[in-house]
Amino acid sequence: MGEVILTMEGIDKSFPGVRALDQVSLEVRKGEVHALMGENGAGKSTLMKVLTGIYTKDAGKITYENKEVVFASPKAAQEAGVMIVHQELNMLNHLTVAQNIYIGREKMSGKLIHDKAMNKAAAALFQRLNIEIDPTETMGNLTVGKQQMCEIAKAISHDSKVIVFDEPTAALTESEIKELFKIIRDLRAKDIGIVYISHRMDEIKEITDRVTVLRDGAYVGTIDTEEATKEDIIQMMVGRVIYEEPKSKSNVAKDAPVVLEVKNLNAGRMVQNVSFRLHKGEILGFSGLMGAGRTETARVIFGADKMDSGEVFVNGQKVVIRSPQDAVRNGIGYLSEDRKRYGIVVAKTVAENTTMASLENFMAGLFINKKKEAQVAEEYVEKLKTKTPGVEQFVVNLSGGNQQKVVVAKWLVRNCDILIFDEPTRGIDVGAKSEIYHLMNELVKQGKSIIMISSEMSEVLRMSDRIVIMCEGRKTGEMDISEATQENIMHAATRRE
Amino acid sequence: MKKKLVVALLSLTLVGTLLMGCGGNGGDTTTDDTTTETADNGGDDGAADADTNDAPAGGGENIQIVSKGFQHQFWQAVLQGAEEAAEELGVTINFVGPNSESDIADQVQMFQNAINQHPAAIGLAALDTEALLDGIAQAQAEGIPIIGFDSGVPDAPAGSILANASTDNYAAGQLAANEGWNAGIRDRVVNANGSVRIGVLSQDATSESIINRGLGFIDQIATLVEAEGLTVSITGNTRYVNDSAVEETGEGGDVIIEVLVPSQVTNELSAIDMQTLLNKEDTIVIYGSNQHSGEAMVTGNATIQRLGVGADDVLGIAFDSGATIKQAIRDQLFMGAVTQAPVAMGQAVVQLAVAAARGETVSDVDTGAQWYTADTIDNPEIYQNLYD
Amino acid sequence: MGAGVKKGNAFTNNPIVKTVGTQKIVVIGVIIFLAIFFSWMSPAFRQYSTVVSIFDFSYYVSLMAIGVTFPLITGGVDLSIGTGMVAAGLFAGNLVNQQNLPVGLALLVCILFGVALGCLNAFSVAKLNLPPFIATLSSMMIARGLGSILVGGMSVTWPAGATEQGWFRSIFRLDANGTLIPVGFILILALVIVMSVFLNHSRPGRYIISVGSNKEAARLSGIHVAKWHALAYIISGFFTGLAGVAYAATFQGIVPGTGAGLELDAIAGVIIGGTSMKGGYGTIGGTLLGVFVMSLLKTGLPFIGLQANWQQIITGIVLIIAVFIDVTRNAKK
Amino acid sequence: MKKISNNRFVKAVGFNRILLCFVLILLYFLFTILVHVIQGQNFISLNRIFSALNYAYFMGLLSLGVTFVIATGGIDFSIGPVMYCAALISGYLLTANGWPLLLCLLVSILVGSLFGMLNGYLVAYWNLPSFITSMASMMLARGVGSVFTRTQSVSWPQAAAENGQYRMLVRIVTESGTTIPTGLFVLILISIICAIILNKTKAGRYILCIGSNKEAVRLSGVNVKRWEMLAYIICGTLAGMAAILFVGAYTTVQPGLGDTFNNEAIAGSVMGGTAMSGGVASIGGTFLGVMIIALLQEGILAMGFQRDYQFVITGIIVLVAVYVNVRSQKRKN
């Protein structure tokens, strides 16, 4: 670790009604990987957006290379050598890889763009980073992981002195993560300062040198990674220890009937020959790495995507599911990983979202019985402890956890017995997380059955009665919770066939 | 606060645009005669009676003139005549017309609006009589006399139109046929080997005046051809085929009359129709029955170049004038054209309207049509009726 | 990355490029088919003058189409090109007739009028962030009214070809001792090449594509999104003005209140030519081909005895097929 | 400002609609003054109101219809020509083929529905972009109407004539000469029905939600295709009905026209507060928006101006309305 290259001191940033950053500080040295941690909404992304000129700060000082600076735009930051690799992919899908990498600073020959030179430079860059991507390929044709690598390559190609990685591994496969870490170590060796934002504790331990923790927009502290334990960091993040023991044994009775059986399900490359059973009152965990085909499997079962072949039995009866309507008719509900896009209609009210899937039960002749609708919605707000000023509130104004509860309510009102929770706690803060867990346990007690897709190992171990593990579109393991350990799950999750 | 601002801005914009409109109104619609006393005419609706109209004899009446459009210079010449007459008689006129000759609904609104102004009289050139019948009835009930002009108001209920200052369009079509026949069509028809084709290019199959100009031409040509002992057949647009006096349809006659009407009134489609006619080997004459069609003839000919007055050329006959058609006549691209008398028409409609408003008896005025060629285009009695 | 991981390379045959090629080839095939079909059905069609006519009536649509390709690539649309073209032709022509403005200057005024209209659209779309559809719908109405108001509601006739001031008509159709040379087509081809190079090999062009592909990504790459977004509409306006020149040169009288509906012909041509309604992708060459399909239909159908209203019906169906291809192509990805 | 928007009455009626009422009244006064100053005439008269209403009837139905489509996040650019096409076909059958009146009215509505169905099917089931799809069906409508009537116009019978009873839907003139504007009742009745459909029924709920987030609705197990298609069918059906009110007021329809009405109908809806991005729509607002357009057109005629001014002013108002709309939405987020 070398000298200090970047310091942010006393940064304030307010949005109407919210104080997003309150006297936050951060220090980055040359040749260090500095982890920035905190719960969702702690202010990590906001801080980075202030740094790279996307937001303007209200107060505070940024010192870069011993000079006070204010970057007016992302471009100004880039030119000064501060680059961010965004969490959401920001790719121009219609352009080629090389064109993407050099967007905004095209190599020119006279007045025209010199695409050949750009292709050549990009190829050299990839070779240096040991990435195998054709620079002339159209970006839209790449897998998400490859796109992420391109984004990283783009950041590196800027000859930056500070690079911010915002959850870079979310879309990467195991081997890609390894490559990425190699690259990061390389960069560190070249005296580049790196800010690394991630929720994955193991990664923090593996790659970073220091950790700065934010909580609710405020600076909590900075510690050396070496000296800190997981608990220390979590403690700093939430202000309390939340670590809970995994479930030790299944709560499902041996003779519990099978409510859902899937046989030899096939759909494209991401779902290959998947078979499993779900029992009444069971939480069936679906574990695996990003891109293992779990969400795809769920979507096919739910009829959201097309099935190539396979059979689905509900309560022993063979059913044909061609659309979500068919699935819902058979009592299956799906809670998407991406609530805002697939779960709720943000511009509508809690009541309207609650009855979305079962409006026919709220009809008085031709008209919607709004009184009954509000009544039922209120009932579920109470049951699920949804925090909302009222059922006429627009769901856009609710927090992630409460939005999730509205989606749960939607399926409960529809009387669905089989619920597929896809990443139920993604984007939800720690407090709300345990409420969702509690809710799931309540539901299975009432006789519902749950498929839970989760990428968080601790969540899988804590909630599931049984675990199915997938890798690259195939089922690679199935075990009772009593046999499950982190190691054997990870073993199955990386078992490529 | 912002919304208030927006509202204020909106109102301001409105007022501003409208005032701008008032200021820049010069070439437009109203004559700037300030001796209006027409406010008397407002007030109650329904009882006003032409004879008891309060306007003092000798001037000041307001005459509303609803034309078929504005865009062709023909109407500007009518307006000019109307303004001359209005000044002479000391009345004010308000001359309006829809955006294009296909905007029937617009004209209905405009006519309705003219009635709502309670004028002393209304001059009307109907795009479509049927559509105006309600208004005509209302005007009649309110005692507002209506004077037809241009093509008048054909098939209007008896007594609703006091007089017409119009061109007899059927006769004008016949005139074109007769003159054209003598000036060269006859030779070509009589001397032809095999059948020949006479094209009629028509802007639409909806306007009475244009249909009549077409039918007048077609029927007269047929008469002339049959007088030579040859047969005639007609083909093309159903309306013309059905309404013409020519019995035989199809391509069987010694002389084939083909009528083309574009599906939309656009420069391009009319020009393409013109080319369709020009591309037929046996075509000897093409007749375009208004300014639009005449101009389309010039456009369509630009690439094929068969029009002219030479022995092998296709003869062109146009209607009305305008810079393009005048030029084509001078260049002998067209053998000749028929012009109406727009200025006289404008004068006549105002004169008739004023007379009717003052309770005098009025009768139809045929404003006439004249044949002109490169040789006669500069004769004063012709030239006064041509416009740019 | 290990050599074994070749997920991305499964696509390296580049289906986009292939499909695009296919679409263009299909369109060319349709053009050839139509040409052969019409020639076969009607001997009169097999004439040099027919070719010149087809060209003649395609110039103004081609120019509008080339221009509107740019807003379409940004994922927007420009509906004001039709009435804007007529308004520009009216305004400039009126100056020639009433103020005796030299025709050369008038042509410039015509183009500038288009650019001004483009600037208005650019302002409302790129600066005020209004939805392009409704913003240009408004300016379409404004252009329609304004064009008419500016000339007092009268039609305007630009100087005839034979007159001293009529030289501009030979920009598009040169009469060389009786042989007509469709120089306009060469001009359009040149413009297609220039604009293709501009779109694909210049920074502004690339940034316009970027805006259509992913506006946020472009912004975060340090691209001044609003500026390039605006440029697309200004280019469209510029070509609207050029189309006004072509329109004035081809036809005799320009009538106020017309022009509405012509924009749809141009947009249809662009879509048939393979530009994506979703933005981010488009080719100028394809646009020209798309316009040609419609011009051929419009000119050719009367030769086989069908009225132009059949052209409307056929174009409608062709359009649906073209979008369908676009949509399925996108769905495959 | 906050105080106003929190007032219970304001909340119930909606700020937007009160603003529109205000603009409507303001315009009325403005015209009263301007018409008096310019023409020395009285603008306030029953006849004027009737003649403004004539325009509002069919425009109202078109605008209401397109509101449903815009609510789903789509656009229907074919309503004007479809209305003309419906009036042409049914009118032709009535006058030329002597079909019974009631059957012809039914045919008119049916033709509208069929075009709505075509649009809806292509948009919902084939996922084609609504703008291009409706543009294609607009071409189809123009072509079909023109082919069906052999490019002739059709005049519907007068009130007193045989088969003239349909005009009672627009106005009834009693023996004593009093005019009852039945069209207004028809428009209000249909508006109320539309408001009920949009706000109280499953169809309306799903149409709005589809506009807001189609995928989320689909994943709730709702047959989104059916409901989306329904919005287009409602729109087409209303265009078919508008045809009856149009000929009831204006008697004659010609082939190849009608596209200018699209713009005004969309303008009315957008002025009324319907968001172009979908999900937000107001029937009451649309009603008021149409009234503003009708008033504008009558007022401008009364001042002795051409309709050109109306186009310009409508264009400006729409721009302002959309700007306010976009701004207020941005503030909400």
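Note that the chains take the letters A, B, C and D in the order they are written out, and that residue 1 is the start of every chain.
Criterion: a residue touches a chain if its C-beta (ideal position, glycine included) is under 8 Å from a C-beta of that chain, and two chains touch if they have at least 3 such contacts.
Please read these numbers as outputs of a predicted model, since none were measured by experiment.
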Pair of chains joined by more contacts [C-beta pairs], C-D or A-D: C-D
Between subunit C and subunit A, distance of the C-alpha-averaged centres to the nearest whole Å: 44
CA centroid of subunit A to CA centroid of subunit B, Å: 72
Intercentroid distance (Cα basis), subunit D paired with subunit C, Å: 30
Residues of subunit D touching at least two other chains: 142-143, 146, 151, 255-256, 306-309, 312-313, 316, 323
Residue list for subunit C, restricted to those that touch at least two other chains: 148-149, 153, 256-257, 307, 309, 312
Subunit A, residues touching no fewer than two other chains: none
All chain pairs that touch each other: A-C, A-D, B-C, B-D, C-D
Complex contacts: residues of subunit D adjacent to subunit C: 75, 77, 122, 126-129, 131-133, 135-140, 142-144, 146-147, 151, 255-256, 259-260, 263, 266-267, 270, 276-277, 306-316, 318-319, 322-323, 326
Residues of subunit A defined as touching subunit C within the complex: 54, 73-76, 78-79, 86, 90-95, 99, 103-104, 106, 108, 111-113, 115, 130-134, 137-138, 140-143, 145-146, 149, 175-176, 179
Subunit A to subunit D touching residues, read off their complex: 302, 304, 323-325, 327-329, 334, 336, 341-348, 352, 356-357, 359-360, 363, 366-368, 370, 396, 410, 414
In the complex, subunit C residues that touch subunit D: 77, 124, 128-131, 133-135, 137-142, 144-146, 148-149, 153, 256-257, 260-261, 264, 267-268, 271, 277-278, 307, 309-313, 315-317, 319-320, 323-324, 327, 331
Contacting residues of subunit C [partner subunit B, same complex]: 44-45, 47, 49-50, 52-53, 56-57, 97, 148-149, 152-155, 157, 160-163, 173, 178, 180, 250-258, 298-299, 302-303, 307-309, 312
